[in-house]
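See below for the structure under consideration.
Chains here go by letter, A, B, C, D, E and F, matching the order in which they are written, and residues are numbered from 1 within each.
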Amino acid sequence: MSVFSTVLARDLRLALRQSADSLTVVAFFAIATVLFPFGVGPETNVLARIAGGVLWVTALLAALLSLDRIFAVDFEDGTLDQLVLTGAPLPVVVLAKVCAHWLTTGVPLILVSPILAVTLHLPIAGYVPLVFALLLGTPTVSLVGAVGAALVLGTRRGGVLLSLLVLPLYIPVLIFGTAAVEAALIGRASTPMLSVLAGFMVLALTFSPWATAAALRQAVE
Amino acid sequence: MVRRMDGGTGEFQAGDFQAGSFSGAGLACRRGGRMVFSGLAFTVAPGGALVLRGANGSGKTTLLRLMAGLTAAVAGQLAWDNRAIDDPDAHAGRLRFIGHLDAIKPALTVAENLRFWMSLWRGESRDTVITDALDAFDLRRLAGFPARLLSAGQRHRLALARLVVAPAPLWLLDEPGNALDESSLAALARAIAAHRARGGAVVVASHGAAFVDGGSTLNLGDFAPTDDAHWSEQ
Amino acid sequence: MHRFANPTQFMRIANAIYPWAAGLSAILFLVGLPVALVTSPPDYQQGETVRIFYIHVSSAWMMMVVYSAMAGGSAAFLIWRHPMANLVAKASAPMGASFAALTLLTGMLWGQPMWGTFWVWDARLTSTLILFFLYLGYLALGDAFEDSERGDKAAAILALVGSVNLPIIHFSVEWWNTLHQPSIIKMTGFTVDGSILLPLFLMLGAFTSYYVAVLVLRLRSELLAAKIRNARMSQVAVNQAAQPAE
Amino acid sequence: MDAILKYLDMGGYAAWVWPAYGLAAVALGGILFFTLRDLKTREREFEALRSARRGGESSL
Amino acid sequence: MSVFSTVLARDLRLALRQSADSLTVVAFFAIATVLFPFGVGPETNVLARIAGGVLWVTALLAALLSLDRIFAVDFEDGTLDQLVLTGAPLPVVVLAKVCAHWLTTGVPLILVSPILAVTLHLPIAGYVPLVFALLLGTPTVSLVGAVGAALVLGTRRGGVLLSLLVLPLYIPVLIFGTAAVEAALIGRASTPMLSVLAGFMVLALTFSPWATAAALRQAVE
Amino acid sequence: MVRRMDGGTGEFQAGDFQAGSFSGAGLACRRGGRMVFSGLAFTVAPGGALVLRGANGSGKTTLLRLMAGLTAAVAGQLAWDNRAIDDPDAHAGRLRFIGHLDAIKPALTVAENLRFWMSLWRGESRDTVITDALDAFDLRRLAGFPARLLSAGQRHRLALARLVVAPAPLWLLDEPGNALDESSLAALARAIAAHRARGGAVVVASHGAAFVDGGSTLNLGDFAPTDDAHWSEQ
């Protein structure tokens, strides 16, 4: 087995052993979304107007929270020292871990998003672009978040600091993600926005593993 | 059990790794803005052992992490077979480092933990090798237990068992005797002897027993920088 | 490059620049402030509020200059392990954050009389806000480590990642804003008159030279802090070295 | 007097113009103040350490 | 010094040493709030309509994230074992830690909330009730959150699990907190809602330290 | 240095705590669904010492945590001066427990760390006591340093220094010799001797040196449940 598949398999296995994990990400997504009707009141038209935005923002926050510990556990128990010392290229290890993260959190988020959209009265035309936008956007979220997660290793309250670092970087994804939904709602094509999201993904895929690896190397120093 | 590692299944022939000598010269290291040691030199021949001694805080852990390539030196150069080490990944590939932290996943079983490292290092995982490693540290009975159930010493033995799942010419061990009971200390000494017999080199930091016959000793206290060196630093 | 890596060399140049920058800054403020506040005429559209413009634009300019300095310094630090470059980045960041805050606040103080609101989600305002957050992130990250050397490298990586992303953020925001809001308000909506240019340039010059002068002071201060740390630690080292003999 | 008052009124925009300049003064002055304060305390500390070291040396 | 003041002083000192901490809570609050205009679009009237709700929801999320590690650090480094063994009543220790948490995160949140309200175009009448509602609501948030934080000790990804446990409990606070703001906006008195919030606070103050102490005891077992 | 603890400033007179005997009978404990030991009894007289021995995983840590009241026993009863212990807070107030984790805040200085525990346990913090404690483990030079700068052994010494900032009749020490260099081991032995001289009792789990003169030994291996009890347990 290659380094990539070994690390991927281990992380997936760990996630399965503690299956509560993906579940809790989904739960946070659901609960944070559901808080909004309580916050802004139950009027259907207001909720429908903000549905796409609220779903995207809460999905970002949920993904972010789960990113928090993507490297932290390995860092604290010494596994990271060993991973840096495998002799294999560190960006490959990073990519495997990010893949595992996306599979165990990004995918479940995408799967439940249509259900939550119902509770926020998202108009029917918005569902397909919402799911596709999430499909193209969440990998970028995982990749960019990994850089942040590696940078905050060893700080107290890494979670909140992480938000400060990466939420500004998520803004482009958020803008094009919601724009894809909005476009569909006013009867325009979502494809331009979706292709921009795909572009971001390629960009993140190219740079993030290297930046993350650099951050991890200085973390174990 | 350990004997099987040499012959037996034939996993651990000397040819499994390219033995070599490990040396360093003029090494200096800074932690938290302060020089820990400077002007340090050492050599470990194939099959040799180097024991790091020194009071608490004298820099044994720092030196081991530097030898592993985890920490950067302020000055000096490490060499493998007298060639300067400039590719950290290649160097990492020929060493095993056991530090204060044990890199064990509590949710995986003892055997799964070992298997992960084996396939990471060797690209494959063979049950016979895993079983041999478990036997070497008397962990076979615990193989199916989740690692979170282990006691301090059992965890440390699991960390040590990693040494024997994938051969590598250089072992770097930071106080490997911590928390071990007597029979485990003997198992560790046997594993080190077998490794050296195959041409492997080992560097051990230890306050008490050194687990090695012969070998040279490096006292970290001898390399503490003087006060003046500091002031001229900037 | 490595000539400047030596702190002594670097500081020799910096210290030579310092009196010039400090003097220039003082003179420009002394001349510029009266011009900006008193002698320059009110704008025919904006009235007296145009006087906010002088510091608003100056601080906006500075916040971008300082970020470039920070990103450049971080890159030099990561690529060439240039310690002084990192000190430049580190010493600049609080100033950059202050300039960004000042841009936001003066902009808000201008927005209320001009647009009737403190804040709108205009593209440029929004980009400024995000830049401010990036500054805060850099500062918080550099500060968050128990070990300051670790904080330096982490923050440097962040500064670089941020500089890759800034253009992306800028264009996304622009595009987002035009999609949603068919420009009710455009910031550039006034003709720049000659009478405005003089005080503007005076203030720009004053701010820039102020930054350079204070940067030198901060570099001295950072270097001293490092020396003090080393000296403190070395006392322990000496004692520890003596320990086995005890 | 009136002229001064009229000037200070900034054409009715005093509430916006003066706070803007005030904030600028606070920001620039604040940076300078803290920079100088840190510099001074560090210089003093460094001198103290150095003289302490000299003293320590002579006693050796 | 009493146990209460010893623990309080230590936690405040730790927070000051790492002054970035309160800062990052505030930053998360600000950034999460600021994400909403990107999600729902920059139109003033839409934003003004949802401002109160968004501020409350994001304040809750920010406080929650910072609660995440209120006991976790002490748990991981063995301090919690020792605190349980002081011989002093554990609820007092808990109360001291919660106080420190509120002082270092709740208070800064309250201080910046008016500024964020500006960016969301909250109508002027809403400011005073918003601040008072936060003043009465955030202690409850800290107290209830502490119970959750103690319960999730020793789980991986405590942060997300914590959200799942306590966000539902925050809903009453959220409802009355936003209602206080909304009431002021339509010209009614906010006092009834504010007194309900005060009631919640007293309730939480009475029960939460005991529940938290019990959870901590089982965590060290 | 340690001598000053007995006389000197007068902080640590025997009267500082109410010495007592600590005992247990019929103790049984389960960890992770499995019985670790059962039918275990012990007594430590005032001034006495009990050394826990046993292979890794035999239950030394478990027993110490049980003695501290952190873990609940499945069966059996602990007693202080032959009165059953039923108020865990009162019991906690008369013991000091040093476990595998060191309860040190990296952001506080060495002295601040000690001062926190002193004022928590004694309601006040006196500099003379702190200085004595630092001296006892040769940490005075490090007093002003953030604890994050400490090496493994220095950290452990700081944890041990907690023992002497506030007197308590019962010390529970889990492998206190881990990571210590020779002079620190001697300091630990001196601290234990001084504690016992004042009538304090001590229970130590250790694989190697026991740091105590005399005292009795309890081998945990003797109380392991039979294999059958084991399997029926599940």
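Definition applied: a residue touches a chain if its C-beta (ideal position, glycine included) is under 8 Å from a C-beta of that chain, and two chains touch if they have at least 3 such contacts.
These numbers come from a predicted model, not from an experiment.
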Chain whose mean Cα position lies farthest from chain B: D
Most heavily contacting chain pair (counted by C-beta pairs in contact): A-E
Geometric centre distance via CA averages, chain D-chain A, whole Å: 44
Whole-Å separation of chain centres (CA-atom averages), chain A against chain E: 25
Inter-centroid spacing, chain D versus chain B (mean Cα positions, whole Å): 54
In chain F, residues with contacts to at least two other chains: 100, 107, 148-149, 183
Contacts with two or more other chains, residues of chain C listed in rising order: 133, 136-137, 140, 144, 146-147, 176, 227, 231, 233, 235-236, 240, 243
Contacts with 2+ other chains: residues of chain D: 53
In the complex, chain C residues that touch chain E: 108, 117-122, 126, 129, 133, 136-137, 139-140, 143-144, 176-177, 180-181
Touch list for chain E against partner chain A, complex: 18, 20-21, 24-25, 27-28, 31-32, 35-36, 38-41, 46, 49-50, 52-54, 56-57, 60-62, 65-66, 68-69, 73, 76, 155-157, 159-161, 163-164, 167-168, 170-171, 174-175, 178, 182
Interfacial residue positions of chain F with respect to chain B in the complex: 31-32, 34, 54-59, 61, 100, 148-154, 157, 175, 178-184, 207-208
List of chain B residues in touch with chain C within their complex: 32-36, 54-55, 57-58, 219, 221, 224-227, 230-231, 233-234
Touching residues (chain side chain B, partner chain A) in the complex: 68-72, 89-95, 97, 99-105, 107-108, 112, 116-117, 119-121, 123-125
